[in-house]
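In the two complexes below, chain A is the common chain; its partner is chain B in one and chain C in the other.
Right, the complex of A and B next:
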């Protein structure tokens, strides 16, 4: 066993090729820093990176930024749990039971086309501006971004594994826990990951229209006062938080499960 | 094979039909087959491809129902799959997300046996299959031959009443196959159990079996039952390949397979 397999959470050593991913960010940063000096873009349209940085430090120190981030992340977590806790079991049921599949497929296709942000107007009428509306929209988005991955995952399990389990005495519940869920996990993880990405986007959008706090709300609110530095800061945070979630949550999960099992190379 | 023993499995006038729902086609795999599998025997079924050999295992395992006729075990009709009829599949069918040890212990887990006890039993069977070193590995880290030995250990550890093997060595290379055949006989000697072994290789069947059932090309019917009266001590590849009894029986079975109409 290699040391990496023994400790799957160990960070691999920094390798120069892997660091190449940083280069485009540096290029964008450089372009951003030098653009105003080359043409005369006014500061209110494009504040310098240093101004955005100062805003970041200031808002971090007075706690207002953390407050907005916390509001957004909390909302995302609740919507994510809600959406996936419905999507994954229903996806399993659709894949395993033909009657459920026949019943649910048309209605799901119908609502999939209007998933997410298209629900905001009705959500505002139902739940008012604020928490309820935003949650409804992101849970809805996450549900549709996740459910089909689970269905495909379960359908991709080789028939012979069910038979192997049955002829060794598996009950229905044993089949679900020892064959269906782990067998579909590659795709379920894909669903968990994409639904997080879609949910994140929907969250920001929904906060802009129907929110009362959070990063999305903060970003659009700043427009009213021409606080462009806050707008840009908000956008950067949206991207950085996503990278952090992906790197700290999804990659380690993948490393200790599907990669370890040889299902992903 | 001198004493007369009870039939473990009784196949009576069975017709098996594959139904392809999407194409709305039916394929007659086995027709009017009657065959008894005797308690404790090693029965090989041979026949050309498409004679419904594997379908027979599906029916005994309870994965499909016969169109006509019936199959009983210990006199009781087979209704559904169960741990009393273990199957070793050609494609191994190990669970990729479980270690070798957990794979071998899976049947015991399904039966609700506590973890320390089932791991103790699984280690015992792994030692028997000479796979103790692989206990903590995952199936994808093993060779095809090792995976199939794990699959055999998994089925035996679950102590079924019959072990059914569906062309288990067809996917491994020729050299490994010979080793696996000898291994299987050694293990079978240590853990006597009724075995139904499906193969398209006449040599393999004659080498392993107490009796060989030859099926006709599809739909499969019973052509002949051949008694293989070669003593168990003589079943080693380095000596048996020149044994006249083996050669005669092999040629006889070969003739039956190749000229099914006569």
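Right, the complex of A and C next:
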């Protein structure tokens, strides 16, 4: 990363290592393109890459694809912020008191283990098919994944650090800001990441079962109409969006925190 | 992470309840009490918000009719078949990519790409290609397990101490012997960690796959219960699912991980200090 920034010409050279990695993609594309002609796979099961590409261009031009992506991403953002903004402070508060933490741990780990997709049917009964159900499921998934991680993080801080801070006359607030939060930060970050991974799956799954728009809905809805090209397009988009989220949101956060606090797990 | 993991894992096996366990049991009791009280306050029809008694009734009913045991058996066999397939493939590819620069450069990028296409996204296409049932679920679950196992095997293989490999080779070991007596044992803690992570994602994957592509199993129970307005069955399914995962994780996966780290992680720690 840094070496590329230092030498702008490095980018223009063709990297043989990167080229080797391109080969399997070409092989998959070629297999995909020629499979229907070589064997008798019907096109409704495997439409040619060109058809998927045309569908992509068409849906991009009429704006419908962007609309579905926007629907999914804004839902994910709302669910992620909502879930984490409640989960992390609440997790810290719960974990500060040992008795409360010990009382809550089994309950939290139980809810953490059913969080996500299993709530979808119940959510449909409560909120009906649509926005409410999907948001409930995402926020629920993210909340429990994150709060569990936060509680574990605070509990794993060595007692000796609290005592050291108290010996130096730290107030309760000092302890929270300079012992608890930095000490639990690695686990909080793990929670932020895991909750995103679970939340993303829950988003796609919830949209498939309970949604009325979004990438997941688009993908499963197309199955009923045998529009395999839309199914494949949806899959590729789900992959690309996740890579983009990882690259644009998580890598920078990790870099900054590692530099600031020197945390390497 | 590890400290907390050990502490909670160790407490599962002591027979005298610790203070944390008593408090935990109290927490569970409070949740049940709140649930029952909220049912009295909300007072909506049971299909909308079933109380503990309805759910207990549905549980007994499902057992007496033999539905729950047969669903559990179906889910368990799908899960075990999928997880073991994914585990074997993940280890094999992890070793291949970890031990060979050639394969690593060739396959690295495409594996990263497919990792990003979560299993949830595959299920619609698999349903179109293969149809509903065992095969679709098997592929989806192996797919989920494959990636974490592969990535962790890779880390394990890459952090093997060169000195040990060199020592073996100096003593005239074949490539196979180096693999079986140095690389695999020292990568084992990582492999098991990958296995536990993958098993966790696979469990959720199983529930979703059964909702979309099966006519039996715990996921189907949850889904079908909602479709037929038997909400008490939905809640039974959710509770069974949660308890099943906790039992699997605490009684099986974590003890294995701990034992592996103790047995083989220590060997590595000694080697590092020497």
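Everything below uses one rule, namely that the second predicted complex is superposed on the first by the 208 of 265 C-alpha atoms of A that agree within 3 Å, B and C clash if a C-alpha of one lies under 4 Å from a C-alpha of the other, contacts with A are read in each partner's own complex, and residues count from 1 in each chain.
Basically, a contact is a pair of C-beta atoms (placed from the backbone, for glycine too) under 8 Å apart; a residue touches a chain by one contact, two chains touch by 3 or more.
For clarity, every value in this text was computed on a predicted model and none was experimentally measured.
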Next on the checklist: With both complexes overlaid on chain A, does A:223 touch chain B (first), chain C (second), both or neither?
Outcome noted: second
Checklist entry - Which of the two partners, first being chain B and second being chain C, lies in contact with A:152: first, second, both, or neither? => result second
Checklist entry - Can A:164 be said to touch chain B (first), chain C (second), both, or neither? => result first
Checklist entry - In the superposed arrangement, does A:88 touch chain B (first), chain C (second), both or neither? => result neither
Item to check | Contacts of A:231 with chain B and chain C, given as first, second, both or neither | outcome: second
Next on the checklist: A:111 in the overlay: touching chain B, chain C, both, or neither? Say first, second, both or neither.
Outcome noted: second
Item to check | More chain A residues in contact [chain B versus chain C] | outcome: C
Item to check | Partner chain in contact with A:126 - chain B first, chain C second, else both or neither | outcome: second
Item to check | Interface residues of chain A shared between complexes with chain B and chain C | outcome: none
Checklist entry - Any idea which chain A residues touch chain C in the complex? => result 17-18, 20-25, 28, 45, 99, 102-107, 109-111, 113-114, 116-122, 124-126, 152, 155-156, 186-187, 190, 198, 200-201, 204-205, 208-209, 216, 219-220, 222-223, 226, 228, 231-232, 234-236, 238-240, 242-243, 246, 265
Next on the checklist: Show me the residue ranges of chain C that touch chain A in the complex, using the header's touch definition.
Outcome noted: 1, 3-4, 8, 19-20, 23-28, 30-31, 47-48, 105-110, 112-114, 116-125, 127-129, 201, 203-204, 207-208, 211-212, 219, 222-223, 225-227, 229, 231, 234-235, 237-239, 241-243, 245-246, 249
Checklist outcome for this item: chain A residues touching chain B in their complex are 1, 158, 160-161, 163-171, 174, 178-179, 182-183, 185, 257, 260-263
Next on the checklist: Give the list of chain B residues in touch with chain A in this complex.
Outcome noted: 61-63, 81-83, 85-87, 89, 91, 93-98, 106-107, 109-111, 136, 138-141, 154-155, 158
